[in-house]
Amino acid sequence: MVFWQRRTAATRGIERASMIRTVLAWAVALFVSFPFLYLATSGFKTEVEAPKMPPAFVPVPESLSGFPLAYTPTLENYKLILAGDFMPYFINSAIATLVSTLIVLLLATPAAYALTLPQTTGKRNVLFFLISTRFLPAVGVIIPIFLATRFLGLLDNVLALIILYTAMNLPIAVWMMRSFFQDLPADVLDAGRMDGAGTIQELILIALPMIKNGVLATAFLAIIFAWNEFLLALTLTTTKAATVPLYMISFMSAQGLWYAKMSAAGTLAALPVVILGWFGQKWLVRGLSMGAVK
Amino acid sequence: MLTVIGRKRTSGGVLRAALAAGTILVAGFGAQDAFAQSGRLVIGAVNNAEFVALKDLLPEFNRLYPDIDVEFQLVPENEVRAKITTDVTTQSGIYDLITTGPFEVPMWGRTGWLEPLDEIMDDPAYEADDVFEAYLNGLSHDGKLYAAPGSAQASMLYYRKDRLNAAGLTMPEAPTWDQVVEIASQLHDPASGQYGLCLRGLPGWGQMGAPLGTVINTFGGRWYDADWNAQITSPETSAAIKFYIDTLQSATPPGVTQFGNQECGQAITTGQAAMLFDDSSWSQVFFDPNTNPFAENMAVAMAPVKEAGSKPSAWFWTWAWAVPTSANNKEAALAFIKWVTGPDYIPYAAPIKGWGNMPGPARQSQYEDGSPYSEFATPFMAVLDRTLATVDGVNGTHYDDTPYTGNQYIQIPEFQDLGNRCTQEFSGAVVGQQTADEAIAKCQQYAEDVAVNGGYKN
Amino acid sequence: MTSEANPALFGRIPILGRFGLWIWRNPLIAPALLVVIVVTQAPFILTVIYSLFRWNLQRPENTAFNAFGNYVDIVRDTRFLDSIVTSLTFTVGAVLLSLLVGLIYALLVHDRFFGRGIVRTLLITPFLIMPIIGALAWKYTVLSPIFGVVNWIVRQFGAAPIDWIGMYPVASVVAVLVWRWAPFMMIIILAGLQALDDDQREAARMDGAGPLGEIRFVVLPHLKKYLQLSALLGSIFIVNEFDVIFMLTQGGPGTATTNVPFLIYQSVFYSFDIGHAAAMAVVTVLGTIIIVTYLLKLLGSLMGDLD
């Protein structure tokens, strides 16, 4: 009797709690997404409408304009930006991101594999050295990097960004790939005990196909970091090799009619990685914890 | 092209048509000797309205010089300065042509980082005699010109006639700062979103540092005395700084420590601020009904001074075009300078892009009666003329023995850092992180360090 | 590919030799390692050299060997010390708050409910958005006294708009950092929650523990390892934060939000004082190495044995 009553009360409590939790979760999610949802919305407004308060959220056809919180969406800003010079920046970003990611994979995969093999010595030192380079502030070495880039004739050249993004992403990629290799059955790794060409063959033919997800997850993370990188791009590129963040800094200060265009440009610039992230959520855990959490 | 301009013309049409025809004629000749110029021309410019408009007009330049492939980078002022200075001082050859100002040009010319522009000065078609002499002087070192002025700028006080009238107030043509602050405090009504005055509060030697520099000058202060002793804590300089901080705290919009040139301009065009002390180039935006809904009610006065009748206190500025010695395509750069600062650019561009997107002309002929600019500029021409005629780019202080040159800035390379750091401290005082006296004491220390470490003070 | 290859060649210089030999024996690791060494360590060696010179890009004639003069200057100058304090404030504040907020996010979306996928996606997005765009969005759509929604709300209650970034700069930066990094914490914590035995939670619930008791006695102890890991990794990224400060406050007002990376940036690109900037960079790196050595031990224990 008592037992039965307790159960119902508990069940009812859980139901109520889960209702509250659902509402709360949605409220928090909308609150957190306000800055970017509003930015995306403003990109579809006219320059006159965009900075107006109260914030207009509801897209309506022109005949209904004037209602509170409603605006008439327009593609004008996007047309302006795409017809303007946004695309070259976008293409540079894409090249720097994709090529560096490809090189990262080519270099990190064998390294991570070897760092999994039991006979490799000094693994701890190598792994810790790699990860410690991520602690160093890039701005601390920016002048030598600038001067070296100049010496090599690579200023305003996407190749400079490719090299730097490769070095920037390698440590995380090695850590991450290694965590996937470690999950492989022991006999696969045992086969790798053979030296030399045997190891490489083993890696390509047997181990690699088994960690397809790991390769994708690593690529995914390298793309996020390279696409969003700002300081190196700002310092080393000018026009020919300038990437999306350079396009964005012209919107840093308020001027004239700029709010809607800034919003549209920001949305376009953030979109590729955001979309990738939405689809690649499950890989994020592994990636961001650099393989520490499985 | 002629028909397009013709269709737009309303008044003074004959003259404008003549000018337009002249443009095309000269342009035609220009194209004749343009065969030598070709290749890639990389330009680094500040993303001001005038340069954004210029970027849109590049097809016209390419019509004259079809073989020059212009790559035009527009970046906010702080960042473009960082990029340009890094390029020029390390001789990296990133830019072929840069926008810069009278602060750097004489120093860089002396170091040999900029090409002298003799060739342009000697070209009769350039009509160098027509350019304001003060602006050529401000861009020269040792008698050689190192940059061509793309604009002539000084500072003025803008105000809303209607707001002053409604409060029964009047503005003298040459007001004192006390009068300005008195008017501002009467018009300041934050509860209804109306602010008395906008002044740059954004840290930076070229932001807050500019109006503050002129206030220091007119208060009889300066950065260093004849022996390079820092003077920030001197009675005159510290009074000026405190006055500036007080004014920012009491009469300006909220968030003023993030208000630079652009934000203050918007405070006028959105009707929030009743007055603004800022660059003369704003007059073209403020008095154009297309860019300012309150254009009808705008008026200008001379830059305020401390004591009525004392030395005028406007700042000195021009966005000037220079060619680094490390540039890869100097011929193309020179051709571009001749075009953009030549006699025909503004008459060609203004009808297309509007006066609000034009630089304040640096050529005297464009101020003469009957010129398109003088017609547009009627409401502010008297004050602007007087301001440009008296502005001093070499010595803005009230002293003859000041050891440095400059007006709102002092022409030593370390001033960028010094000005940035001091204005940062002052903005900290504005938001109440520290007292004005503490900020002034820190600035004094920074200034003293610069004098010693820079080897100026023995 | 034999391990005996030319040991004599490297034997002459002990450390370099051992390293060379190791590189020779590990051809699979060598390319990746060498790329990282060349790109990150070579510039650092140059930075150490620059730090010993008086060198302002704008005054080449004034360049001279300065021994430890730059180091003396940066110690004497309160700005550097202030920026270290600011860096630590941001790191500690943002990491702790992100942990808390990330934990709340994770608990909210761990169990199935209507629209969980969408909610989780929305919560993750701040982490994916380019940091300078995230900061730009905050600056103008949220915090701006003129365009910001927060101030519009404030005004609806009859109050005067507030200059959030000017009046509360540290809090504003921390808010944006937490907004950006809480999703990161959430992701790791979610992984921890998935590893948590559902039966354990059920049992606690059946004992009448209630949701809070359940979190307190079952979830948190289990998550300890994951929380440590997210704090550690979060610190690595946040201590070097530059983009958000660049976009949101430019280090101001005053020097309120000037952290170490931004101060070095200013020293390089606003005052072109390479000597000072290099000295600050060297001190920062040395300081970081000390902290990192400790943190890496922690990381090592979190990751289990590596060799």
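Points to keep in mind about this one:
As written, the chain order gives the labels A, B and C, with residue 1 at the start of each chain.
Here is the rule we go by: a residue touches a chain if its C-beta (ideal position, glycine included) is under 8 Å from a C-beta of that chain, and two chains touch if they have at least 3 such contacts.
Here the structure is a predicted model, which is why all the values come from computation and not from measurement.
In terms of inter-chain touching, the protein chains here all touch one another pairwise. Here B-C and A-B are compared, and the pair linked by more C-beta contacts is B-C.
Between subunit A and subunit C the centroid-to-centroid distance comes to 15 Å (mean Cα coordinates, whole Å). Centroid to centroid, with C-alpha atoms defining each point, subunit A and subunit B lie 40 Å apart.
Counting partner chains per residue, subunit A shows two or more touched chains at residues 147, 235, 249, 252, 254. Counting only residues that touch two or more partner chains, subunit C has 146, 269. Looking at subunit B, residues 86, 90, 266 sit in touch with two or more other chains.
Residue ranges on subunit B touching subunit A, taken from their complex, read 42, 44, 47, 49, 71-76, 79, 83, 86, 90, 92-95, 260, 262-263, 265-266, 291. On the subunit A side of its complex with subunit B, the touching residues are 146-147, 150, 155-156, 234-235, 238-240, 242, 246, 249-250, 252-256.
Residues 54, 56-62, 73, 79, 144-146, 160-163, 165-167, 250-256, 266-267, 269-273 of subunit C are the ones touching subunit B in the complex. Residues 1, 22, 26, 28-29, 31-33, 35-36, 38-40, 42-44, 46-47, 50, 104-105, 108-109, 111, 113-116, 118-134, 136-138, 140-142, 146-147, 149, 152, 179, 184, 187-188, 190-192, 205-206, 208, 210-211, 226, 229-230, 233, 236, 239-240, 242-243, 246-247, 260-262, 264-265, 268-269, 274, 277-278, 280-282, 284-285, 288-289, 292, 296, 299-300, 302-303, 306-307 of subunit C are the ones that touch subunit A when the two sit in their complex. On subunit A, the positions that touch subunit C within their shared complex are 6, 10, 13-14, 17-18, 21-22, 24-26, 28-30, 32-36, 38-39, 42, 51, 53-55, 107-108, 110-111, 113-115, 120-124, 126-145, 147-148, 163-164, 166-167, 170-171, 174, 195-197, 199-200, 203, 224, 227-228, 230-231, 235, 244-245, 248-249, 251-252, 254, 259, 262, 266, 269-270, 273-274, 276-278, 281, 284-285, 288-290, 292-294.
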